[in-house]
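So that you can tell them apart, the chains are marked A, B, C, D, E and F in the order they are listed, and the count of residues begins at 1 in each.
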Amino acid sequence: MRPSLRSADALRPVRFTRHFTRHAEGSVLVCFGDTQVICTASVEENVPGFLKGKGQGWVTAEYGMLPRSTGSRMKREAASGKQSGRTQEIQRLIGRSLRAVVDLKKLGERQIVIDCDVIQADGGTRTASICGAWLALHDAIAGLLARGALSESPLLDHVAAVSVGVYQGQPVLDLDYPEDSACDTDMNVVMTGAGGFVEIQGTAEGAPFSREEMAQLLALAEQGITELVALQKAALAD
Amino acid sequence: MRPSLRSADALRPVRFTRHFTRHAEGSVLVCFGDTQVICTASVEENVPGFLKGKGQGWVTAEYGMLPRSTGSRMKREAASGKQSGRTQEIQRLIGRSLRAVVDLKKLGERQIVIDCDVIQADGGTRTASICGAWLALHDAIAGLLARGALSESPLLDHVAAVSVGVYQGQPVLDLDYPEDSACDTDMNVVMTGAGGFVEIQGTAEGAPFSREEMAQLLALAEQGITELVALQKAALAD
Amino acid sequence: MRPSLRSADALRPVRFTRHFTRHAEGSVLVCFGDTQVICTASVEENVPGFLKGKGQGWVTAEYGMLPRSTGSRMKREAASGKQSGRTQEIQRLIGRSLRAVVDLKKLGERQIVIDCDVIQADGGTRTASICGAWLALHDAIAGLLARGALSESPLLDHVAAVSVGVYQGQPVLDLDYPEDSACDTDMNVVMTGAGGFVEIQGTAEGAPFSREEMAQLLALAEQGITELVALQKAALAD
Amino acid sequence: MRPSLRSADALRPVRFTRHFTRHAEGSVLVCFGDTQVICTASVEENVPGFLKGKGQGWVTAEYGMLPRSTGSRMKREAASGKQSGRTQEIQRLIGRSLRAVVDLKKLGERQIVIDCDVIQADGGTRTASICGAWLALHDAIAGLLARGALSESPLLDHVAAVSVGVYQGQPVLDLDYPEDSACDTDMNVVMTGAGGFVEIQGTAEGAPFSREEMAQLLALAEQGITELVALQKAALAD
Amino acid sequence: MRPSLRSADALRPVRFTRHFTRHAEGSVLVCFGDTQVICTASVEENVPGFLKGKGQGWVTAEYGMLPRSTGSRMKREAASGKQSGRTQEIQRLIGRSLRAVVDLKKLGERQIVIDCDVIQADGGTRTASICGAWLALHDAIAGLLARGALSESPLLDHVAAVSVGVYQGQPVLDLDYPEDSACDTDMNVVMTGAGGFVEIQGTAEGAPFSREEMAQLLALAEQGITELVALQKAALAD
Amino acid sequence: MRPSLRSADALRPVRFTRHFTRHAEGSVLVCFGDTQVICTASVEENVPGFLKGKGQGWVTAEYGMLPRSTGSRMKREAASGKQSGRTQEIQRLIGRSLRAVVDLKKLGERQIVIDCDVIQADGGTRTASICGAWLALHDAIAGLLARGALSESPLLDHVAAVSVGVYQGQPVLDLDYPEDSACDTDMNVVMTGAGGFVEIQGTAEGAPFSREEMAQLLALAEQGITELVALQKAALAD
């Protein structure tokens, strides 16, 4: 029995609010249950140094948590003067996941910077971030198409992510914080709309896991991501 | 004529949403028009080093802006490795303003940390932060009273803040960004519920200002703060 | 009765020593009683990045305290790896104050950097810094005029500053350290030679202050600044 | 055909040199072909702050690359003042992998710090590091047992790691740098001696990968790790 | 012919002003010609961590240059966030030189921190710093003796320093900036009052130097330091 | 009697292994007894900012110690976010020593960066680094000559270094760690192949030293450096 009483293969209630703030070219509030993340996409007409003159663009991401998005207050990273290893790991994951579905040549010599800022955390902030970031990226690209800066979309597919894990011996979908902090195995899976894997990061927190558990977890993740992509499509249809 | 068509002495629509996020002991979303700030109050059962064993508590504040809360994306302070001078100036102001209405001895040897994070900026983020932070502080203290950790409230009064300025030759209340970036004089005023001044920070951005303008600006600020304190009271009454 | 036995409206003995060190284009030692600050102005034939190609110059300031300028030794900011919030607040104030009396277009595409380094502190270091910095700036500009780099002075007026406060219930001028650390209200006022206000920063350290006290403090400040501008003129006449 | 002419399921020549340097409690040079990493284990009789008084120990890891371990010189992280996101990600992975096979309670209130420093890089530095680090950890624990500081070994099993990937459409084992920089999918797998999975990190560098490819890659990894554990055992037998 | 017209073995005019600022336990302005350094000694009733409970004291030094102490403005180290290698090298040299003449056990569990801040630079700032720092240290220790905190002086001897170099083929004493920037060999020598060497740091800026030149330089340095110690004694006699 | 039983004028066994790693243009493992340092030389086709367009090249050095190269683990400088004063002092010394034997004009507008990383420390790491760095520099320059990037060698001479010291009253050559940590005087000497002095850094750790001891130490150092240069030549002859 999950603490939230969800069935093993049930996502939390997922909500995408597009156009959440007004300055960014793409701005989405994504909620997975009590996990809430603001994802913005900012278009910048330049590229990082290592891409200057290479005839292609870039998509990158930064991630942060408000100090009191969590049960006890975390130090503000701006005040402590550096981003934690966890923060860097997550923002690198978000960036790679999005780049997997963007044709950077078609994007032209510009950069889209995704900011994912966690307002409230209840587990799965990185996977929620990826789901919301894709929508923000979509809206920023739609803006570039609408104003004629791009003639063809560089966006190749959807990308979405979900966590799966083994909680009290049972594979479950979309772990919330009480599950995340007690589970044996925790896996974050990123897939495209077409069903290809982009990233898999699995960690045995307690006992190592077997190949069979792995297969079960991937099947759960595939099902969850199929639902999440459908929800992204519904959000775009609004 | 103000860009927003407001009369010279009109505040923007002000909205306080208490209990905005669920982890913090106090959590308020404050909106002054398009300026939106999340203010949380976190109770910590310790004090900074310089107060150890002094038999009193502390109230302090940190301030940040989401990178894309503004018209063009600002660098994330956590990534650049330090807080700007502006950020430090604002968070010091918020902290001083709140401490002016707290009896730190009555608070006991604990610290309340206020985090003000700007979700969307349209001028006046520091004054909105102070108004919302007071409510978050109030709610955190109410929690301490409710669970018996305090027997008497250390909160002495309301505190609220507003900006005033000289825009196209005319003193106006509560500047939004278009006014703020074009005004001659910009003044932030912090007052208690009882009408005493706590902080005044006035800057001539263009032409120096006279003692008469100063008096007019203070009168406008007093009126605005009176309204803001009434709005804080209404929010508490909900 | 003030600890220094001064009357309420008396400045400390103020002394400006121009050409104090020999390398800088402007170099002034300013003493307000025991407060001693070296102010230098350095002319640099370039502007910060955000002004490149804008056809105007810039005036900026940096501030520091020698570690043992104070009663107990402070950490050296260079060793601790960052400037405190207080330091940044002060150097931003000095920069804004000076820019208020400089026509940056007339200055041309060059920058004047003011360094204010406190050799000995006894209260009022920021206001002494502004008074001395103006003289250093004046001398640097005089040098540019003398060598034909400028044909017309970009310096529009004097600027000077003084602190005022409520000490034991009485408004007093130019607080020294014993007063500063015990006063109820502390206000720094910056004015031009023509008598316009450039900056007002007032803080209630103890009880909030009223509009009447505010008016008294401003009157005291105006009187003090009038004297300080006269002293600047006398220093220039030497 | 692989650039190295290896068959798809062949490891590079792997060599472990124990007691490589003389100060550390465990010191191993591990070579996977041209990839060379010095792994040391240092025993410290204290634990990090968050474990004080919890009656358990800790195992953690740090990772670095000599600036010219790579084809073109990388900036020295000590000189640039921070560790890159990649470095932090890798050292977190090494630490988690080792902790998966250590009974931290049995270790007692002490910490073992693993340092993995890459002398020469040719792909697979993180997986080589984990393999060598386990041996260094083993030797450090053996020393604690030998001098009676521990009565029972807290080491539960071997741990080893290898990379697998899809290179020119074919799943291959233990990628070297030419393969790593050209492959479609890159996966790092960490397993215990008993054959359980500890970490799986798979990334589609080019086209997303399917569940079938995933299964093939995991099978290759299992085979490689079985060989690596055998090589660790051989090194212990020397 | 030296640029300053001094003879090869002539010091610049040297001046020590004791009690230069009023807060520090020892405070000396030292001038070697146009080189001016403020040296303060601060007594702190604690020791650095590595000496806790060891029954001895510590003497350490910090060094800085005002940004415009030099011909062109240097970056403020506090603003750039770190001390340069040169700064660290110099402050380590000053600290070691002073500790060579202090019986740290007799000093007791306290620390004396020397701050050397260069107001105006014209070559030889580190050697001037050492000469002035010794006087500041002396005065701080005299204060400890006077107020009974020490019963016996831990100061074993004088220490003084001077630079020597080969300028246009000729060994000269006490290089000023024009000589320093053009000389072939530059050597800083630190000696005790009794004539023992404490530090020798010689660098061939151009052609390497011979053992004969070395001997000549040391003889010149000995003569100069003998004079400097006499000047320290005269300053104490005032 | 020296702890190592060496005679007073005996070097430790010295070994140079050229082509130690394969990426760098020059790569040397240097061993002085148990002190082991990897020295690499990296050729970069650009120069630091201050030399842009000056028609000359640059040689610079960086130095580091693996955290467990020492008896107890040192903090990793990359993790603590800055290089210590000692590290900076050493890398500045290595750079100056090498530049003393390079004609920077003949090197052309390119930079050679030397990295000296201590694998195992037993005293004398800086002097071993200089000896090995010279060989790495030689090999990098040989490569430039071989591929026609240089037509004439900018390398003017050998450079080598050794430590000497007064251990238990006796001058000894090439101190190892047990001697280094117990000696009265410690001197590092850098000389060219032609026998000129490039750097002398002598420190009295205990009692000050006399001019006679100085002469004895320099004689010992000359003898040791003559042997080291012969060993460098032998290494080149291999």
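As a working rule, a residue touches a chain if its C-beta (ideal position, glycine included) is under 8 Å from a C-beta of that chain, and two chains touch if they have at least 3 such contacts.
Going by UniProt, the chains are A, B, C, D, E, F = Ribonuclease PH.
Quantities reported herein were computed from a predicted structural model and do not represent experimental measurements.
Steps from chain C (Ribonuclease PH) to chain D (Ribonuclease PH), taking the shortest chain of touch contacts, total 3. Using mean Cα coordinates as chain centres, the one most removed from chain B (Ribonuclease PH) is F.
Checking A-D, C-E or E-F against A-B, more than half of the residue-numbered contact pairs recur only at C-E. One simple way to say how far apart two chains are is to compare their mean CA positions; for chain B (Ribonuclease PH) and chain C (Ribonuclease PH) this gives 28 Å.
One finds 50 Å separating the Cα centroids of chain A (Ribonuclease PH) and chain C (Ribonuclease PH). Measuring from the averaged C-alpha position of chain A (Ribonuclease PH) to that of chain E (Ribonuclease PH) gives a distance of 59 Å.
Touching of two or more other chains is recorded for residues 81-82 of chain E (Ribonuclease PH). The ring of touching chains, read from chain B (Ribonuclease PH) in the direction of chain C (Ribonuclease PH), comes out as B, C, E, F, D, A. By the touch criterion given at the top, residues 82, 85-86, 88-89, 91-92, 96, 100, 187, 191-192, 194, 196-204, 207-211, 214-215, 218, 222 of chain E (Ribonuclease PH) touch chain F (Ribonuclease PH) in their complex. Contacts from chain E (Ribonuclease PH) toward chain C (Ribonuclease PH) in the complex involve residues 21-24, 27, 34, 36, 38, 40, 42, 44, 62, 64, 66-73, 76-79, 81-83, 87, 113, 115, 117, 119-121.
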